[in-house]
Amino acid sequence: AAEDIKIGVDSGPYPPFSSPDASGKWVGWEIEMMDAFCAEAKLTCTLSPIAFDGLIPALNAKKIDAIMSSMSITDERKKAIDFSDKYYNTPTAIIGPKGVKFEPTAEGLKGKVIGVQVSTIHAAYVQKYFAKSVAEVKEYQTQDEANNDLAAGRLDAIQADLVTLNDFLKTDQGKACCELKGNVQDDPAILGSGVGVGVRKEDTALKDKFNAAIKAVRANGTYDKISKKYFDFNIYGK
Amino acid sequence: MGPTSFDLNLLSLWSPGWGGVLLAGLMRSLEVAVGGFLLGLLIGIGGASAKLWGGKVLRDLLEVYTTVVRGVPELILILILYYAGTDAVNKLMLVLGLPSVDISGLAAGIFVIGVVQGAYSTEVLRGAIKAIPAGQLEAARAYGMSPLLSLRRITLPAMLPYAIPGLSNLWLIATKDTALLAVVGFSELTLVTRQAAGTTKAYMMFFLAAGVLYLLVTLLSNVILGAIEKRARRGLSREQAA
Amino acid sequence: MKDEATLVPMTYAPPKARSLLEPHRIALAAVFLAILVSAAYFMRWDWLPRYQDRLISGLWTTMLMLISTSVVGFVFAVPLGLVQVTGPKPLAWLANAFCTLIRGTPLLLQLWLLYYGLGSLFAQYPEIRSSWAWPYLRQAWPYGFAALTISFAAYEGEVMRGAFSGVPKGELEAARAYGMGRWTAFRRIWFPRAVYRTLPTLTGETVLQLKSTPLVATVTVMDLYSVITKVRQDTLLTYEPLLLLALIYLCLTGILVLAFRLLENRIPSRGN
Amino acid sequence: MAETAQAIEVRDLHKRFGPLEVLKGVSLSAKQGDVIALIGGSGSGKSTFLRCINMLELPTAGSVTIHGETIELKKDGNGGLMPANRRQVQRIRTKLGMVFQSFNLWQHMTVLQNVIEVPVHVLGQPRDQAIEVAEALLRRVGLYEKRDAYPAFLSGGQQQRAAIARALAIQPLVMLFDEPTSALDPELVGEVLSVIGDLAREKRTMILVTHEMKFARQVASHVVYLHGGVIEEQGPPEQIFGDPQSERLKKFISSIH
Amino acid sequence: MAETAQAIEVRDLHKRFGPLEVLKGVSLSAKQGDVIALIGGSGSGKSTFLRCINMLELPTAGSVTIHGETIELKKDGNGGLMPANRRQVQRIRTKLGMVFQSFNLWQHMTVLQNVIEVPVHVLGQPRDQAIEVAEALLRRVGLYEKRDAYPAFLSGGQQQRAAIARALAIQPLVMLFDEPTSALDPELVGEVLSVIGDLAREKRTMILVTHEMKFARQVASHVVYLHGGVIEEQGPPEQIFGDPQSERLKKFISSIH
């Protein structure tokens, strides 16, 4: 019999990776990938939406058994939980309003108000590199609220994952207001080495299952098939 | 589509309208509210009895419970209980050698709201029991009623008219407190509203729609509670009712 | 459901001061102390010094929010309560509808409606963007302030309605009989008398308001709660920051209750 | 059961509230059909005595015997007494019909429900039968029309008559009245006294604490004057009211009249 | 100002509450120093009459003149009257010291604050001076010690005496008393009556509604018996109480005594 597990996902919309649709169903690249992994590993997975900053506490409180919510593998997080191998990796970028030119650097962001999603690697990165030069760092519960505030003129910049930012820039709202300012300089110590499935430290069996599943899904072509529906580039990274 | 858009099709009950999702969220909110309210009532009955007739230690512990719950923001209690509560249950199961239980979001939500409501219920019921004229309880004793019988036949029904206004208030608070579960990602009405708003960018419309739903619940509750209260107060004259 | 008592939300009522020195109390206190000590010892608190400054500034924001919204909310509550008692009818109806509306929907929803809904409308109008108000409208606190103020005004307005209508008619009549004009009678008799009547519930209302302040963190106001959230994500600790937060709020509640009690003790408690 | 002749027998009852000794040894017995009027100044312990009879207050010492059955008491830790057998106390209470100064009707029940409450839920009588009896009693106290009204909507006099019906419904061996008219407006006193007077004429055993001296004189078979926690004087009404011996009683009677 | 001799003159006062005509033309005048006792059955319109004098109730017809100044009234839309000049009414009210049955002291102020309230905030007297006068008055009604107490902590009699001090503080031309003792426990009535008696002996003009016939007989210079909205009989107290003419007054006096 298949093992039942609960997988936690950020309850805020994070397109194109995971977001609820109008029928209440969760859709997106990461959701499809989750199905693929679970099928491969013979797991019966139930999706459990949780606030992003509550994912790790929930995992450790055993309310969920794994996290698949674009959570990057970082040293800081590894102190609390364990991760599978990465299943995607994308650069980190900064966007801002159209017509205002600036570089995605500490110098370029001087005096600006920058927004990030709470508890993310971006929040940590901004804290380390930009906190001194920007006017204010605003932290949002969900990514789409940050996007919305940028469109509403309450932010001068957002740092986030390039893919999700691009997705936003493709919407009517994003097209009208904002544009890409460029990628930030990489810092693997903070930005991590890709996105993995988060599991409890003692749960090595589950971790191994996910590792095997990721390998298999990549090898048998499912990974590319799903990715092609969403992206025109290599989401797995190098 | 901007935040101003009022595309009412988005509220349609069927996909691509989000109406169905909102209603499902409302149902979840109501489930938690009802469950939490009832659990709170249960805790309240026990707590009030213990506070009135219990031992010193029990009374003091309950005092700590009600004081803490009423002095700490619900949002924080919900966060603590939401994580710690289930954590504690599982630790307990581990100690007892039982497999860890799968606590659903619903159960956790009910538990959290219930613990918060229980503190207030305790006070409401205790006040109500104390409001019963002492002579009525004495009459019950004088006619040979056992303590249990007199609790069932006299104390509880006689307390109702005094308790119902407070309990009504608690019910309304329960319906609104469920919104706080949005912060831990529990898919009740406020959270699904936020998801719908975030996805469609029609923030104004969805928040207003949810507001209307909450208001309907409140108004409907008021009507029903008013009727219940009137019935419970049928034995009270006007001066007493004031 | 209509009388005043039932409309006052559940509030904090401090335990009666009894002797703290009974043996079982000492034992209980010892147990709590032991829990506290072991919490201090076994849990992780090394982050505290690093966040000290931010915690203090967060606390400051929280207090500022509490005090400013309570004061301004009260100022609005007075007319809200008054017109419901004196009319004119349309105004009374409006005030009543306002109170029902606000008290019938969750504060969190109102806050989000103001910030994410209303707040993002402003950006579309270049007139607003170029006006003096824009630097304020851009920020989060005005929305938190507005939502909390409205909420306090609605709840306290309902209390004031009861207080105004509860002042004995005879005392107002006496004011008239001695030649006071309407305004003098209101200023000297009706209003202070009503406020005295509300003082006990005002404590509760203010504690409720304090307990509502952390909601503003969800719209990016950097209050105490959001500093703690920051600590939680930085340190990945679940309980320690939250427990500290609960403790701080408990202390704030206690201080509020004591402060109000001092105030109450200065005026007569009977005859209300 | 050598004492069956005595409907009620109280022996050497003491009651102390903290430092205050309210009853300092009061003995009293009543035969079936006796109507005993208990009189005395305020605070003389009349209510306390009555409440000790059905153990609403626990006496510090002494014994109470109802129709030959003595209530079993044992020492509690604090130098007082407590019931040795709770059930016995509860059973005996169902034989004592207490009528309170402040009526103490159950406010959440109609008059009829008040009257059938104890028969049905304590004595276990069938409901129909209890209703039949209750309606007869209510007719007797002149409240049949009000049987479905809630107590709060009745006048004080009507409430007290309902309370008397409630007491009668348990078919008590002894009725205990604690100043049944002193919470009533003057114009309502008469209707209640007339009901009690009827009961006295029927030779129902009763102990009646009252300030209505004229009434006590009419209905009582025996009058007991309590003062300072002891019986100062007792005897037939003609003697007590017509020819009081002790100075105190003389003063008391003249002050009341 | 031909009528300066009259401290108060009420002419043909009518008052109607909806369908009920409570006052059907009542005229009354009092010279400086007169003490007029207004008696009559419950509901006869005594309070209404008093309240019409200072326009707490607006009369339907008639006029009120205080020390020669007639309160200007004009027709309102509904067949009644209303003040033509609000300020005039307010000014005249400060010359009428009203004392209510239920005291109506302002509960949020101490006794002293109650007494100086109108002098300071309506009449604009300097606070120091007002306090001086108030303390003298409080001493006079025997409440000097209680000047810093809140009304809720006083007995009814004390409250009423404080209310009388409050009324005196405005140095009224006429004092109006509406059953000043009927909300008091019997043992407190005396202390209030004695204060009012003193005022009467000082020849303060006053109109006094009361049920205390013995007192009215002692202090009144003139007694007016109101019945059914008209003055049924009036005259010096000896005549009204000693030799009433009308049947109704005879019955009324015998029922009260």
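Chains: A, B, C, D and E, in written order; residue numbering restarts at 1 for each.
Please note the rule applied: contacts are C-beta pairs under 8 Å (C-beta built on N, C-alpha and C of every residue); 3 or more make two chains touch, one makes a residue touch a chain.
A quick map from chain label to UniProt name: B, C = ABC transporter permease subunit; D, E = ATP-binding cassette domain-containing protein.
Computed from a predicted model, the values in this text were never measured in an experiment.
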Q.
Along the graph of touching chains, what's the shortest path length in steps from subunit A to subunit C?
A. 1
(Q) Show me the overlap between the contact partners of subunit C and those of subunit E. (A) none
**Q.** Chain located farthest away, centre of subunit E as origin (C-alpha)
**A.** A
(Q) Applying the document's contact definition, name the chain pair with more C-beta pairs in contact, A-B or B-C. (A) B-C
Q) Using the average of all C-alpha atoms in each chain as its centre, how far is it in Å between subunit A and subunit E? A) 83
Q) How many angstrom between the C-alpha centroids of subunit C and subunit B? A) 21
Q | Inter-chain centre distance, subunit C versus subunit D - centres from mean C-alpha coordinates, in Å | A | 55
**Q.** Between subunit B and subunit D, centroid-to-centroid distance (C-alpha), Å
**A.** 46
Q) At which residue positions does subunit C touch at least two other chains? A) 116, 120, 218, 238
Q.
Where in subunit B do residues touch two or more of the other chains?
A. 2-3, 79, 83-84, 183, 194, 203
Q | Touching pairs among all chains present in the structure | A | A-B, A-C, B-C, B-D, C-E
Q) Tell me, which parts of subunit B touch subunit D in their complex? A) 133, 135-136, 138-146, 149, 153-154, 157-158, 160-161, 234-237, 240
Q) What residues on subunit C touch subunit B, complex-wise? A) 1, 3, 5-15, 22, 24-25, 27-28, 32, 100-101, 103-110, 112-113, 116-118, 120-121, 124, 207, 210-215, 218, 225, 238-239, 242-243, 245-246, 249-250, 253-254
Q.
For the complex, give me every residue of subunit D touching subunit B.
A. 54, 56, 86, 89-94, 96, 98, 100, 102-110, 117-118, 121-122, 150-153, 166, 170
Q. In the complex of these two chains, what residues of subunit A are touching subunit C?
A. 53, 56-57, 60-61, 76-77, 79-80, 113, 115, 118-119, 123-124, 127, 138-141, 145, 148-149, 151-154
**Q.** Contacting residues of subunit B [partner subunit A, same complex]
**A.** 1-3, 10, 14-18, 20-21, 24, 79, 82-84, 86-87, 90, 100, 102-103, 105, 108, 183-185, 187, 191-192, 194-196, 198-199, 201, 203
